[in-house]
Amino acid sequence: MAHIGILTSGGDCPGLNAVIRACVLCGIRRSDDTFIGFVDGWRGVLDRNTIDLDWMSVRGISKLGGTILGTSRTNPLGEGGGIEHVRTNLKALGVDVLIAIGGEGTLAAAKILSDAGIPIIGVPKTVDNDLSATDYTFGFDTAVEIATEAIDRLKTTGESHHRCMIAEVMGRNAGWIALHAGMATSAHAILIPEQRSNLAEICEWVQKPFRRGRAPLIVVAEGFISEEMAQPHYARGLDAFNRPRFGGIGERLAPIIEERTGIETRATTLGHIQRGGVPSASDRVLATRLGIAAVGAVHDRDWGSMVAVRATDIVRVNLAEALDSLKTVPQQRYDEAAILFG
Amino acid sequence: MAHIGILTSGGDCPGLNAVIRACVLCGIRRSDDTFIGFVDGWRGVLDRNTIDLDWMSVRGISKLGGTILGTSRTNPLGEGGGIEHVRTNLKALGVDVLIAIGGEGTLAAAKILSDAGIPIIGVPKTVDNDLSATDYTFGFDTAVEIATEAIDRLKTTGESHHRCMIAEVMGRNAGWIALHAGMATSAHAILIPEQRSNLAEICEWVQKPFRRGRAPLIVVAEGFISEEMAQPHYARGLDAFNRPRFGGIGERLAPIIEERTGIETRATTLGHIQRGGVPSASDRVLATRLGIAAVGAVHDRDWGSMVAVRATDIVRVNLAEALDSLKTVPQQRYDEAAILFG
Amino acid sequence: MAHIGILTSGGDCPGLNAVIRACVLCGIRRSDDTFIGFVDGWRGVLDRNTIDLDWMSVRGISKLGGTILGTSRTNPLGEGGGIEHVRTNLKALGVDVLIAIGGEGTLAAAKILSDAGIPIIGVPKTVDNDLSATDYTFGFDTAVEIATEAIDRLKTTGESHHRCMIAEVMGRNAGWIALHAGMATSAHAILIPEQRSNLAEICEWVQKPFRRGRAPLIVVAEGFISEEMAQPHYARGLDAFNRPRFGGIGERLAPIIEERTGIETRATTLGHIQRGGVPSASDRVLATRLGIAAVGAVHDRDWGSMVAVRATDIVRVNLAEALDSLKTVPQQRYDEAAILFG
Amino acid sequence: MAHIGILTSGGDCPGLNAVIRACVLCGIRRSDDTFIGFVDGWRGVLDRNTIDLDWMSVRGISKLGGTILGTSRTNPLGEGGGIEHVRTNLKALGVDVLIAIGGEGTLAAAKILSDAGIPIIGVPKTVDNDLSATDYTFGFDTAVEIATEAIDRLKTTGESHHRCMIAEVMGRNAGWIALHAGMATSAHAILIPEQRSNLAEICEWVQKPFRRGRAPLIVVAEGFISEEMAQPHYARGLDAFNRPRFGGIGERLAPIIEERTGIETRATTLGHIQRGGVPSASDRVLATRLGIAAVGAVHDRDWGSMVAVRATDIVRVNLAEALDSLKTVPQQRYDEAAILFG
């Protein structure tokens, strides 16, 4: 029987509530644990702002998007925080262990706090699927599903108007969403941060299907830049197209492709719709299993560990391992997809 | 038994293929009509570019978005066209009557051609629902449904991050999509071209729910401008925010609201996803009924008429009537929705 | 400023919560009305079992299926009830007026109570769309949408296996869901209670598309019976097929069609999934508008009226009118759909 | 450059077309392979009934449910078939290698043909996810997603009417769909063929949430039988409830639970909708990767192998291994889910 604190931190992500619910129900049933939730991530820890989490408060939440606890990007070790501040507050609240659900930043802070002797269990969360210690993260499947549905829709407009359609999806540092959504929608090119394609080959991927009578489809991750865009002089050149620097990569590519290929081109930025709303069944299952496993780690007093999925199993890894490196799209996965480009 | 030409013109719209299928099957079964489709709208008429439309070619298409005929914004009366050109081409192809599926521009051209003695039946098409001669147009329900699903998703992100979310939907001249999608998603403000709200009241609508602990949600039609934005000096002022003039209204409003209210604000432009993909069941039914009715009008030789829906009935109206005036959101409908603002 | 009671009665229906929310928010904002909800329909009235309905209690509910008030099929005028019992309880609770959201049974009871001087406003509710005083009822669009999505799925299995697929949808006395879902999915036959088709023509509708290489699709309303099934001796004959009498019409038709046509045939009963879950955008809009209008009727003291939709307008009709006759599928609507059979 | 035959066999499954498309495009691009498809699985091999598969014939099919090749349950080694018959026909058609996409039966036949020297590559296909040589099979994710959406809908009806809802999903020998869909929908009990629960504990799982004011939800796999139902005398006893033997397990359990607990109980059998229609993004990606890998195995002349997914990798296994044992739900996975029962 433990008094367990839970927090969700960083960008919201479909499945967070399913983790929270699984933790709470599993803890109550297994060993009469009690739970409090910290409001708005680490902010709630620093401010001792909590809500009680009992059976009723997690009722029916596993299919709700977002997080009932709220979230923020507060760094617990930044200004107004610090290891001792966190330790003091957790102690004052009688919290035996903290389950921290978050991305790279959260897990890095969790690692430091854990190393300082504060009992913490991590649950990985990133819509972008870029954490190396786990095969998949919840939220990713939902994001790919939403993007795929939206791109399916864009395709019919492209075909009817003989346009090139560009869909910009999430992925600042890793192109997983673009890779999967692009493969699922039979995109003629998938542009990801890991692969600095040049404009000539992009235009070739556009022209080839157009010559076959198809409407070209490009799926581009927000973090992609072309070989040319990496050149300082070209970056200035972009302004010559009179396109603002805040416009996303899709918006920037559209006029360039249109000018170079003569094919009418339209960009759509899917944006926030990819990370909200009802989680896919697959993400609910993964999130629920991680929540149950996190409570298991609590009872094994496996402080400093993070739960993760490997193949079909839920395993525990050390928080250190979890932060090892960003999981980007490997060359082999890109090459596999690229067979179908153009 | 007639030889009937069909064309789809203007922006694509979910339901076009269901109209085409219904025309073809109904004509074949009822009176052994034969059909050709003009490729890319009026362009196909001017170029005599056609495809045969038989039983097989419309198989399974009623749930496909877009149009199997392709579309364009070509004006048949513009350069390279003209009444006699159209008459000659239709005659050369043996076309007895033309079923023109399109929006205001297409129907206006159809009216002129019809007045010149060319047998034409119109089928109204606009995602924006802004044609006055019909209660609803197909494509509108699908657009509202897609927008609603997307906005439902945005809301969970707003709530988790305590942000104001702005969703920009289609509607250059009429705010129907914003009105319906906003009502369906319990928006705290609906901004439409018909109502020039000012920034002060918009910010009030944002602050009221925020004070109750809600994440404010604004649904704005692309054609909205605020009272202030209608002032020339303010339009220049916008540049002072360093926001580009091509950015949509959602993108423009976000920094203003954030600055004035202090509430973090994010805009999402739904864009082309609203007009593509699988039509809703309701739109498929409406489109199918209109297609059947168009063939009925052909057999009644009711040239110059347009089919339309009134309450639960499919009726015929004169093309002239169809062009009478843009159907905008009436004050009473806006007031009804505005009860729930803030 | 009134004290208003709300109840939902009969089968659940997507949109009920949107009506409740619209009533409560509109009443609070317009005239500081206060609201209580009766638990489980008329049962709550008879038992004085209520919950307070304030701003918070209707937060976010308009997109939830079902009803937060619960529902039952209790008849307020049946055993344990009666006009005076209702009057006494409403008085005791200080209820000035009752908004009764329900189908034919509820509205009939409301009419009797209203005639006895109890202030009541009716809101029509039926997934089946069979109330004559209103063009459409909320819940119907959602049901058709769900059925259409499910039948779209069945079709791919039918095509892959060269089977005849039968989809049984709701509709005991009126075939509206079958008519719309069947039209939306390009069914080869639509069987509804209003039209007693015979097995010979049904088999013909199955064989014709099969000969063209298509997988036949039948959409049948649960209340359909064939001409033969209306004969007493045939009804006994059905048992000879060793099919149980509780099996739905789809299950009964499948072996008959398979035997007569030699085409492998499978039936699927969509059942309860048609009436649950997230309401369509269109139903949320309709339900919200009806809720607002109901509160308008309260303030106009228009007792004994029911709100309804006619074309694009929300109107009021007398409860008597609402009960006039079941709205079944008219011959003309069936004939329109039947053009595309076979 | 090879001449490759493809067949799809057994029950249809979302993702089949994505495999076909990936094979054809990948083969054409990589090494100018040519492709024919066998119509209706092994039947097409026995009858030399084929269609050419070129670039155009696989255009846009990856998101279509079912299989463009048709399918059947024909056993190539059964009556009218045999190893030499298959060998002769493939030779006559100039087929260098056969890609066989199918479940256990198909892969077993493929193994025998491969052992006899016929070049075959297997692609695993089962909606039920019960093949041991692969972590997941395409179609499974879609089935779980569809079941989850449907069950989400059933829950609102259950809650509004205070009923116990039973959802029967696919799974004759393995409970994977029930396990995942049940976990995703927070079911109060998940009944699978691997676990012979008894009626007393099932009723306990129903009563516990009911006492907390919840509507109990049971997700049951079609192949489940309770401890009691495994007893011969009880099986006869069922008839005493006057329930037909062809009724599914959901239909059988409902009256028993209702009688024992006094809680109104309704069963819904999801049936064929689980295996049709648009594949999920995740299944499209998996199917596409398997198709690409199958062509890779062809070029490596890795006859007798099957492609499979292990964690995030596509690997090859021997067909023998693929047939080793049915992959059922392990005790540990059931126990994990069971923590949340009741």
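Order as written gives the chain letters A, B, C and D; numbering starts at 1 within each chain.
One rule holds in what follows: a residue touches a chain if its C-beta (ideal position, glycine included) is under 8 Å from a C-beta of that chain, and two chains touch if they have at least 3 such contacts.
Predicted, not measured: the structure shown is a model, and the values here were computed from it.
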item: Neighbouring chains common to chain B and chain C, by label; value: none
item: Most distant chain from chain C, judged by the mean position of its C-alpha atoms; value: A
item: Gap in Å, rounded to a whole number, between the CA centres of chain C and chain A; value: 41
item: Whole-Å gap separating chain C and chain D, where each centre is the average of the chain's CA atoms; value: 34
item: Whole-Å separation of chain centres (CA-atom averages), chain A against chain D; value: 29
item: Residues of chain A touching at least two other chains; value: 149, 152
item: Arrangement of touching chains [line / ring / star / complete / other]; value: ring
item: Chains touching one another, given as label pairs in label order; value: A-B, A-D, B-C, C-D
item: Chain D residues within the chain A interface of the complex; value: 21-22, 25-26, 29-30, 55, 59-60, 62-63, 135-136, 141, 144-145, 147-149, 152, 180-181, 183-186, 212, 214, 280-282, 284-285, 288-289, 292, 310-312, 336, 339-340
item: Residues of chain B that touch chain A when the two form their complex; value: 8, 11-12, 14, 16, 40, 64-67, 70-72, 146, 149-150, 152-157, 159-162, 165, 244, 246-247, 266, 268-273, 275-278
